[in-house]
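Please see the structure below; I have some questions.
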């Protein structure tokens, strides 16, 4: 009887079938299309490290750029890349990635080119830190010149700072050399 | 119009193929749509069964290895031919076929042919699923034929004749009611609907006995089923619905009655699960047998 | 002369590839053999080649239905090795997801079961209800199937507005109480197909070592949530459902009442969601050397995990024993002597998850 | 020697020749001789047809007035001719079949052919006997012949047991006949069927006694249980037993009773007989469905088919009698054919178990064709004589308003069709079973094929043109029973006086459309044969693994289990065991007395007999 009541009730209600135009509401937490902000990416590789299906990888064009590659066909939309990205360069948007024709590979693959910049000190090409990170690191405007340094020069600068802090006169400098 | 021509017209045009195929499709659509609406779904558009058949007609006929070609292909044809011929002798208003004594017997004989074809289809296909379906179909037909035949024979007993026209002219009474109930009991199983969709239980045996059929032969089986639906509903209407003196009114009444009957069995189908073969058999031999006994008793005490 | 009738590996009654090959005498099944392994994926080996973060994503794909159970159990194991204390809020959220998953799994089962006895209308109703659960899960986690909620040390996503999910629970309880349960337990045709079918006695249940609803329907009161409470089950107060009959009907009833209990648990958990952090740790996890075994109650029964770490970037060993792995062989004693027609509903009644079994 | 006695004398002459020439003839020679004799007898029987058509009963006193009014003689009327033609015709075909079938038999072929000839002669004598005593003698001759033929392989326990069961059941029931005729003689003083004095003496009680005897011979429920036991006989014996000679004796007796007083017995006994017939139809066919042994399956179908014949006779109308008698002839044709096919299968494969058969159509195409014709005939497919017979029977029942009979017959024929479908598919189609692998299966020999093929051909001939049989044979037989039946029948058995032209047209249309469709398919592009294999769930099934006859029977058995609990055999077995126990006890207690003083029991029996006569 429960079934009879139910189906007769169904007859009076509008149908539950959804038409193509009648799209369901996408929740804000929906893990949809993936975007990458090259400006924030430091090419640290965390996203590739946590990506179980290996949908993300990096390629290098030595001295010119680092490319972030993403293949949607391998993506499992787990969102770990977004969760673990230290600079929030990756974001999974709430909109549904449209179905795309794989013939040309468009839409299925994302490539984001992170251009290297020459170091303002040594000239070596490197991935610049995101602007926000730089603002946070050098908020005091302490050593404005360091903003353009490559990681090696940053280490050199830090080392120099340490040295000056440890021996303000710099007298030990000659005798304290050690192999790197 | 001589007899041969009238038979040809009856089989090809009215109430045969040309009329029954579209009506059958429409009725199948009605059932599908009703089921869909009862289940809270949208349901197919009305031309869907027609499209289904057209699609099948355009497909390749695949005959599996080791299957007897001739029988395999002949079965759907025989099935369609038999139901069409059966429909042609149902005295729907305007049927050009002259009513002849014994046509009820012929009708019942012809109505068994599609069942036989299905059983054979299962066996010739050599598929294990088809063969189990065929066995089920065969045994089930033993079950539902009891009330089905009794309903018709009881009417013939009352009419004192095995002639369709005579059956129609029986003064309306209790036997009509009882026989109609008995007939309706047999209907879901004859139409292979729940709870008696045992021979076509896709979740148990994948498909019905035409599991190996594809393309046009399958389309013919589908067509045969569509015409069978028309045949069964119109037979019910013609035998059990009182006729008026106006043929056109009769026709409308018959069609409406057919649709109502279909609605009823559809409602039953949507509120039930599929029974087992033994349960269905017991149902038909107990309740069908009881209804048959009461109906026969009513014809005798009348 | 018995003929053999293969159910599977491709069969409408199966969602996944496995095979029950039976020998039939007429309509009666005389013997049955179960074959699995058609979609073996080697997840346990793969897990040793992935780092601790990747493994969670990988393990989540052991099963398409109880995905959260696997990821959660793995995380519990890793947390045990690392000695991480799970924040209260995270435990509650995990409980909510686990029970929602149980709901959706049981509803999926009820739909499949309805379909296997040819009850299409019931299937439609059940799947409509299931859609509400799926929507809730999607609203919380952002995904319908693999929720990606778990990380070692907590959960990744919060439930910011617990009350928003209560109407769905109400609708679910109403649908279960007014349509699904009465139909399964009162409709004469549904009863005819389930009562007394596929019996597994208590002794057989012990002998075949079945777990979960199958065991509870045979009168064995075993439930990890009760026997060895984890997450928030001890706080929420959990009652297990046990039936003595051991037939398909009992399995239906056990699952149906479990769903009602799940609805209650979710409601309690949502209403008493404690404040606090979602994760006990930040950044990439570091798991010291050690090993842990963890049991949790998946929708289909007890899931067992053994995880060993050697302190490296990857686990040294992940051993998974899923509930279906022990339940599926019990199909053999259940179908013995039963009609062929009941084969599909009987095999469905243990809710075989081949994805789990062929991990 | 008149032409009336010629058929019988020919057979007896053949019998003597068999014995005389036994030493010099090979088994094949004996078979040819027997076949020739029976064929000659058949021709001689045919010479009687014109007289019977004219309505003249040819009389030939054999022993006129040897004891007062008791004479033994022949009186050959239409009914006699029908049975004589049937017995000799079918007999000739079956003997032709046995020539090759029995050729490898090491011993006993003389016995076989000699007794076969006497067997047929017995039926002829029964059919031609002018009085009840002659008929009773013939009745028991048939019984004894069948006893020795069923027990032909007397070294096999099953065969002798079967033979004993046949003899016990039919012989015991045969006492009904004897007691009945004694009663008639005591009252009327004569035993001549047609004597007007017999009519008042032939009370319904006597009729009941006769019917009991006929029921046992004609395997009516519940006296049918001997028939499956008789299956251990050589196949030609089974064929003859089932189709022409043995079971038809009961049919003859029931038909013959109509001669007495215009069928006055029918009033009281007609309805019970109808009921027995109806129950027999269903019981026989339901048991047949459960059989896996080809011959046992056919045997139970004999039970069911005899039910139809008896129903026809029990209707007691002209059409009913015509239907019953036509059915009787048709059954002789198709059942004889089916048995011969079963024999050919057993001859070729060494088994007749449906479980071990399959795919024989390719190895034995001729047998398959013959079988299919006969199977179609027994199932009542149009264009065969089985259809005509059933159609006539249903018409007759409808004329009497007996719809229940139609219903029962209907269900019976559907079940028959299913049963034969199962047997045909299992034996001739599908994959050969593992039991047959490696065996070289040969087609039946030409003479065997000729034997069964000729009968199958007649099945079709009389299906298309039943009037060929109706006019010369059946109609005179009906007329000889005192009914005036004008044969108004056209092709396919359509009764022209009843206007069922619709059947003809309908059937024709179905056939025509099927043919047309086939033509269209042939003309259309040929579908690719066998590109894919049959779907079996994703993995191949073991070859030859398919649900067979047994599985169908088992499925059916589960489905209609309640109906099967009607089996009366356990009851018989209990009586049998009780009798054996009583006999054993009697032997131990009275054995000494009887052996020492044999005169005492004989004297006692004599006194009892005298007392009996005095009391009556």
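Per-chain residue numbering starts at 1, and chain names A, B, C and D are given in the order in which the chains are listed.
By definition in this document, a contact is a pair of C-beta atoms (placed from the backbone, for glycine too) under 8 Å apart; a residue touches a chain by one contact, two chains touch by 3 or more.
In this text, all values refer to a predicted model and were calculated from it rather than measured experimentally.
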The larger set of C-beta contacts, choosing between B-C and C-D, lies at B-C
By Cα centroids, which chain is closest to the centre of the whole protein? B
Between chain C and chain D, what distance separates the C-alpha centroids? Give it in angstrom. 66
Computed distance of Cα centres, chain C from chain B, in Å: 44
Any idea how many Å lie between the Cα centroids of chain A and chain B? 66
CA centroid of chain B to CA centroid of chain D, Å: 38
Could you say which residues in chain D touch two or more other chains, in rising order? 536-537, 541, 545-547, 551-552, 555-556, 558-559
For chain A, what residues touch not just one other chain but two or more? 3, 7, 16
Which chain B residues touch at least two other chains? 38-41, 128, 132, 206, 270-271, 277-278
Within their complex, chain A touches chain C through residues 1-3, 6-7, 16, 24, 27, 29-31, 46, 49-53, 76-80, 83-84, 92
Please name which positions on chain D make contact with chain B in the complex. 394-395, 398, 401, 403-404, 406-407, 410-411, 414-415, 417-418, 421, 425, 429-431, 498-503, 505-507, 509-510, 513-514, 517-518, 521, 527-537, 541, 545-547, 551-552, 555-556, 558-560, 562
Could you please specify the touching residues of chain B with respect to chain A in the complex? 36-43, 267, 270-271
Contact residues on chain B for chain D in the complex? 3-4, 7, 11, 60-70, 73-74, 77-78, 80-82, 84-85, 88-89, 97, 100-103, 105-106, 108, 110, 112-113, 116, 119-120, 123-129, 131-132, 135-136, 138-139, 141-143, 145-146, 149-150, 153-154, 156-157, 160, 162, 206, 211-212, 215, 277-278, 281, 285, 296
Would you pull the chain C residues touching chain D in the complex into a rising list? 1-4, 6-11, 17, 19, 24-28, 339
